[in-house]
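Next up, some structures in structure tokens.
In what comes next, chain A is part of two complexes: it sits with chain B in the first one and with chain C in the second one.
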Partner chain A sequence: MSAETTPVNDAVSLYDVDHPAPVIEPPRKRTAKTPKATRTNFELYGWLFMRLSGIVLVVLVLGHLLIQLVLDGGVSKIGFAFVAGRWASPFWQAWDLVMLWLAMLHGANGLRTVINDYAQRDNTRFWLKMLLYTATVFTVLLGTLVIFTFDPNIR
Partner chain B sequence: MATPTVDKAAEAGQPEPGFADSPYITVTFRIRRFNPEVSEDASWEDFQLEIDPKERVLDALHKIKWDQDGSLTFRRSCAHGICGSDAMRINGRNRLACKTLIKDINPEKPITVEAIKGLTVMKDLVVDMEPFFQAYRDVMPFLITTGNEPTRERRQSAEDRERFDDTTKCILCAACTSSCPVFWNDGQYFGPAAIVNAHRFIFDSRDEGGEQRLEILNDKDGVWRCRTTFNCTDACPRGIEVTKAIQEVKRALITRRF
Partner chain C sequence: MPAGTLYRGREGMWSWVAHRVTGVLIFFFLFVHVLDTALVRVSPEAYDDVVATYKTPLVNVMEYGLVAAILFHALNGLRVIAVDFWSKGPKYQKQLLWSVVGVWVVLMAGAFYPVLQHTLRTLFGS
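Right, the complex of A and B next:
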């Protein structure tokens, strides 16, 4: 199309029957070539994981908030000694570990779907997800490391 | 008919009883126009017309096209809610123009009419339906069987027929798919209409291609992208419980796996 080279002296309109304006295509339109079947159950397991981890997290997170913020004088009691005392017990270590992993994976998968739904360009989509995965792996590993290597006698 | 009545009433100095009974009211239609041969921008244009509020939006569009502006472009075929050609966004909701009475959508305010969203607008209210039908074709919406053709019809019990009765009502108007926020932003998602039509065959006792269809919908752009916002169920002019059908496909996928 040589629409760009047309002189603009016909000030009425840039567009006519032979040079129609561009239409606005929807993002990531489906065409005959689109369906490339991956044949995995990843999305199925992801969907199921969200439901199951959600149920467990309700108990874990509400219990956590209750202990940390409400019982025994509320938030003012939290200090190094309080955390050290709790993590001396394998039960609270396991509680915090499960909560960390489930909450991080649940949140990361939720954000992944948000990015999939809202990112407009494939490039944006890719880099936002890379950022998300990096942050998730970092937080999960760091949290796990702290829970297992916590030293109450640190100076 | 209306004009002489008005004259008589003016002469008499008071409204004639017949005039007060006139069913006609003045309604403003605010239509989103787009003509690529004139401008690259879409714009809202107001049309005022006298119309019986018991008429449909499609009748109003006809009046505008026939009497006021012949360049107004929209699709319609049967005009009785079966062909699914005239789905459009009326007062911000996807409806069939031929099934929407003007009195039901508050004619005191301007009635906005625009093309359905998520598909390329070609002109005024006409969109490119090709991506929508591509998704429809991708779920293989036809009977798949093995073995020899029976010499008589394929028998089915009333209960088996009832299982997928709701999803047989689809007229492929795209009101559901073009109301889905996931589809708006990512046209790779199959969309509610394609899933509804897959559901129609997946749960048909005579069909043997259910596994293939489930496999197709198990993919990354399949049913798992549904966020259950219920926009599709609200939009369906046939009253199909679209979100429920999508959930039933999800359940079938999960029970198949476990």
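Right, the complex of A and C next:
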């Protein structure tokens, strides 16, 4: 019999009825300290959102790049008049609005993951995420306001 | 390479690193881009002034870099979806990555002149 298969069950046990083996808790066992309210599927939905929004963003963002930077002279043609021409159409307003919301939420969730991975101190992590959420809400609201209130005859 | 680490190098790890780096860069650009576009609510001149920056050679080259980052992030993102949802995705993840790189190279070559034509015409233009 080889060394690997030497039976160990005839070894004298350290434990018996009077000296029970110590209990090792499963790593994810709920304890008295585990808050009930935080046990949600948030991370699952976040993971799914990254993939679903990603597919939509591939179309929206690559289409946007094609129009803005590739077709019809590249960046040369861009200016107030070009923006006014595009936002005269509800289709492109809707395109840009959906792109803004999805891209900001997709990017914010990505940065949240990066912060969680690399910011080790609790305080640093908390404040970096507060900064991220503040910037995200500000940017989404500002962009939405600009799309809805755009005025081609501003002057 | 030490045993027992998740960081095994090669295609799997480096595509993950590149996905993170490009994602963070794109997010920072997006933030700036919404701010600059918001200038259309200030005045046509304010907007055209900031867009003039986008037409300088240095920033035009950075736009090509932005296209590079977005194209990689988009194509590799589709690869991640394939790895997660396609039953053979994990088995072919390396081939998928080299397909991503191949498509990326072709699209970047195709985008070179259209994206940089403003600078090329300004510097060497007819």
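We adopt the following convention: the second predicted complex is superposed on the first by the 118 of 155 C-alpha atoms of A that agree within 3 Å, B and C clash if a C-alpha of one lies under 4 Å from a C-alpha of the other, contacts with A are read in each partner's own complex, and residues count from 1 in each chain.
Basically, contacts are C-beta pairs under 8 Å (C-beta built on N, C-alpha and C of every residue); 3 or more make two chains touch, one makes a residue touch a chain.
In this text the structure is predicted, and so the values were computed from the model without any measurement.
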*Looking at the overlay, what does A:Leu44 touch: chain B (first), chain C (second), both, or neither?*
first
Kindly classify A:Val146 by the partners it touches after superposition: chain B alone (first), chain C alone (second), both, or neither? second
Contact-wise, after the overlay, does A:Arg30 reach chain B, chain C, both or neither (first, second, both, neither)?
first
Per the touch rule, the chain A residues reaching chain C in their complex are 51, 54-55, 57-58, 61-62, 65, 69-71, 73-76, 78-81, 83, 100, 103-104, 107-108, 110-111, 114, 135, 139, 142-143, 145-146, 149-151, 154-155
In the complex, the residues of chain B that touch chain A are 36-40, 118-122, 128, 131, 134-135, 138, 181-182, 184-188, 215-216, 218-222, 224-225, 227, 250, 253-254, 257
Residue set of chain A touching chain B in the complex reads 13-17, 20-32, 34-35, 37-39, 41-44, 46-48, 113, 116-118, 120
As the complex stands, chain C meets chain A at residues 20, 23-24, 26-27, 30-31, 34-35, 37-38, 40-41, 43-44, 47-48, 51, 54-55, 60, 63, 67, 70-71, 74, 77-78, 80-81, 84-85, 111, 114-118, 121
